[in-house]
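Notes follow once the structure below has been shown.
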Amino acid sequence: MLSVFMPIAASTEAVHTDHIYFALLALSGAIILLVAVLILIFSIRYRRGSKAERGAMPAVMSKQFEIGWTSATLFLALFIFWWVSSTQLSTLVPPGNALEIHVVAKQWMWKTQHSNGAREINELHVPLDTPVRLVMTSEDVIHSFFVPAFRMKKDVLPGRYTETWFRPTKLGTFHLFCAEYCGSEHSRMIGRIVVMQKDAYAQWLAAQPQSDGLAKTGEAIFRARGCSGCHSEASTVHAPDLNGLYGRKVQLADGRTVTADEAYLRDSMLMPRRDVVAGFEPIMPSYAGILGDGDIVSLTAYIRSLSAKKKDRP
Amino acid sequence: MTGIAISGELPLPSEPSYLGAGHTVSSWFATTDHKRIAILYAATITFFFFLGGIAISLVRIELFTPAGDLLSDDTYNKLFTFHGVIMVWFFMVPSIPGTFGNFLLPLMIGARDVAFPRLNLFSWYLILAGGAFTLYALIAGGVDTGWTFYTPFSTMFSNTHVIAAALGVFIAGFSSIATGVNFIVTTHMLRAPGMTWFRLPLFVWAMYATSLVMVLATPVLAITLLLLIAERWLNLPIFNPDFGGDPLLFQHLFWFYSHPAVYIMVLPAMGVISEVITCFARRHIFGYDFMVYAMVGIAVIGFFVWGHHMFVSGQSPYASIVFSFLSFVVAVPSAVKVFNWTATLYRGQIGFEAPMLYALGFLGLFTIGGLTGLFLASIPIDVHVTDTYFVVAHFHYIMVGGTVSAFFAGLHYWWPKITGRLYPDVWARFAAILMFFGFNFTFFPQFIVGYLGMPRRYHVYPPEFQIYNVLSSAGAFVLAAAYLLPPLYLGWSLIWGGRAGRNPWNATGLEWNTSSPPPRDNFPVTPHVEGAPYQYHPEGFAPEHIGENYRTQGEQL
Amino acid sequence: MNTPTDVLRPPWKELSRQREAATFALWVFLASELLFFGGLLLLYAAYRLANPEVFITAGRETDLWYGTANTAVLLTSSFTMAVAAGAAEADMRRLTIWCLGATVVFGLMFLVFKGFEYAEDIRKHLVPGESFALKEPAAQIFFALYWIMTAVHAIHLSIGVGLIGRLAIFGALRRVHLRENPQVEVTALYWHLVDVIWIILYPLIYLMGRS
């Protein structure tokens, strides 16, 4: 019965959101009931010509009353806010071991890419009970990655990365919708999320047509585009060493410190003047218009693989 | 009671009513009479309301079935865009301020006209001009951006008539600003002697608060649309990510206007409801000063919550939390208002004429709409339901269930004053009840289908959502029928309706203290105000002391 | 007081109240205008924060000479306008008309300079688009904002020139009573707003890149 009113809850976040939803439903139900019942009682008791007592308002029902319900609602509102947001804050950061998947949206399709480079269109296979982190960008307008069963949604923007994550808790196939209006076929920009057992996922992944891993592709671009000319160990140009860069704090020339995440790496390639690394000349050319979104995704993966290697080395 | 009775009612004017003051075309289209301008507005917004309603009726028919069988994708997108643009900027924003605001503000404060009558007329022409551009956009092929005009879709990808539509809204915006300036100055400078700030009827306060928002928020929309036009037309990169531009800045600017704008749409309704409830409960409004502070509070805090439309947009999660917090805070003054209206009924002498039925409908629907606003202000819930039908239901509960109901409440309440005629109350009550049911029938299922995950602006949808859409579409027809009734019986009353007399409801407002319809100059003599508004006496069925609040003076207006 | 009745308009009964209302209305309108330009300034600030160097290099491409000359012209016009308003108050009709005229001339001078500046900008390929002179993408944003801010300001200024010109001509023809006419004061206020906005734009556009 409930399933007519509630979407299936297939992630940890979904259960969580539903709890808040039910609590708010109960609370609003109570408030609406209170208001409705009061209106009804007053309407009947004080209908025109009824015999009920009128006269001036009892003294208590003056300012104290006003102050009373103003502060009561304020308190209630702040309490709900506190309760809802405190639970929200704890889910902001994805677990460190999350599986990472790249999503590129374009009018009107979803392109997803797994860590080994396997690609899908309008589909995404993920393993059960594993946190999955999505790193998303768009090639044209704003889209929004929406999976009702996970109670999860995030806008996908051109020119930057947005991230979100989820941990599926139920096997099955679920809707993927584009929730931000994006033009003619917005309502047809839909797909499927397939949640599989972990080993089934591993098999599925291995069975995908062998494509070069993202990092491999990235490495090729790194050479082809001349990045290695400056950034390789052998280079004579004074440019930073990218090994171990990803995830590290970087000191910038203007005194700021930033974390080298996807957005930072992207900016470094497209707008190198913006965040100049301390101790280096801003000689790196901008690659805006030269590197496509796909190239940047691959390069980013490559640079990240450099830091993973570094960590592995004792 | 504080008012000192010095004499009875103001003398009845002997001049002809404002309606009889001229019959030429130019006596209407070049008029500077605030009451005639109100009629011009009324005709305009009625036209736009029906236009917007017909557009969305096609949408609702399409949504009977999951497949896109009636309309093409693009037609569908153009229809809801047109619906949103027309309903928001050419119906809802000018609706109550343009009609009742114009008609009643001078009457309620005892003035002869608004501060700048010619500017007032100009405002109306601006709405017309803006409407013309927007209609041109429709006729030339439509616009498909949604009423939110998000970039980069609107600037670089849509190949429809975005510029004409944006220009139309831009021009209509100046109409809002002009009206706002006019009303603010009128309220400050033209109050009758004795009409102190805390003796103003709440409707006047509502207009004042609305005007503040109009004056301070609308210019931001204007510049935003101008930038959009510049980017689209002249290819100036402003929000274009290829050049380092940021589409989120557009959203920030847009919502910096559009959230306050939702209070432009609801504050006037709150003003109307305060007038109607007091009159039909025959009680002084409960907590007058709290009602005033609440409205001003809503207007002010409303400027700081815009980011709650952008929880999933990629804005900083910490910014989201702040906006969520402020959204909860802004709900408190609304709660105060709901409680005060309810408390006003206590120990009243309640009559259930049509205006009161609409007002009670407003109370219920606004409360539901507002409370679902709290769901949306809660980030985890909003992440799930943003851009779904849950949001569509939320804002229709407030804007249609709330404001449109309040508009009809006001229309039925002041119709005798505006036209001097009485309408058949049975029909009016029937329409009010039908509207209430039709409304819930249409929009309640949308909450459910929204939580189930049906995205908005969807032309085709998965079949499991069909049942709710069928309900909603069927309800829309009941609702449309209910909206068709008032034009019929109100039109009838213009010719066959009985004469209203100056004060058919035995109301206390100053506007009831002149003939119906009022003469060109409103009052034959300057009224002097001696007490607070809403001095109703619940004990007596028909209070004899209606006029005791106003003293006449021999001085000519 | 022989108040010219053609200045008094319904619903007002006294000219002093009407003037007060007109001035008040203009202040309210100015608040509105401030938010209008506020939107532009916000964009400027946001993009400058994101691209500090580019904005500095791009800012150097603007023409300091025209910018500064125009600032001087506008400041002078503000002075003549203030004198005009004072003179109207004191019923010095000739002085009022002369000062209004001078303000119009300064306003036109500003527009002419602006026109020359625009011509030069176009010659130097500073219009965003295919053949834009600077290669940094964000420089195009700076110039997009430059064009919009200065154009919007110029439109405001042209409206002001029109209003003042009308007062000057009709005043000279005695079709408008200048004395105590709220229109003079209101127009003056508007003109000062146009000035103030330029005073804000001037450093943002011309000076930031050169400090």
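Order as written gives the chain letters A, B and C; numbering starts at 1 within each chain.
Please note the rule applied: contacts are C-beta pairs under 8 Å (C-beta built on N, C-alpha and C of every residue); 3 or more make two chains touch, one makes a residue touch a chain.
Predicted, not measured: the structure shown is a model, and the values here were computed from it.
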Chain contact topology (line, ring, star, complete or other): complete
Chain whose Cα mean lies nearest the overall Cα mean: B
Between chain C and chain A, distance of the C-alpha-averaged centres to the nearest whole Å: 45
Centroid spacing, where centroids are CA-atom means, of chain A and chain B in whole angstrom: 36
Multi-partner residues of chain C (each touching 2 or more other chains): 50-51, 54, 137-138
Sites on chain A at which at least two other chains make contact: 271, 288-289
Residues of chain B engaged with two or more neighbouring chains: 242, 244-246
Chain C residues within the chain A interface of the complex: 50-54, 135-138
Residues of chain A touching chain C in the complex: 254, 271, 273-274, 282, 286, 288-289
Residue numbers on chain C that touch chain B, as the complex places them: 9-11, 17, 20-21, 24-25, 28-29, 31-33, 35-40, 42-43, 46-47, 50-51, 54, 128-129, 137-138, 140-141, 144-145, 147-148, 152
Of chain B, residues touching chain A in the complex: 68, 73-74, 77, 144-146, 148, 150, 152-153, 156-158, 241-242, 244-248, 281, 286-287, 290, 312-314, 317, 321, 324-325, 328-329, 331-332, 335-336, 338-340, 342-343, 345-352, 360, 363-364, 367-368, 371-372, 374-375, 377-381, 383-384, 386-388, 448, 451-453, 455-462, 538-539, 541
Touch list for chain B against partner chain C, complex: 32, 106, 111-117, 177, 180-182, 184-185, 188-190, 215-220, 222-224, 226-227, 230-231, 235-238, 242-246, 249, 253
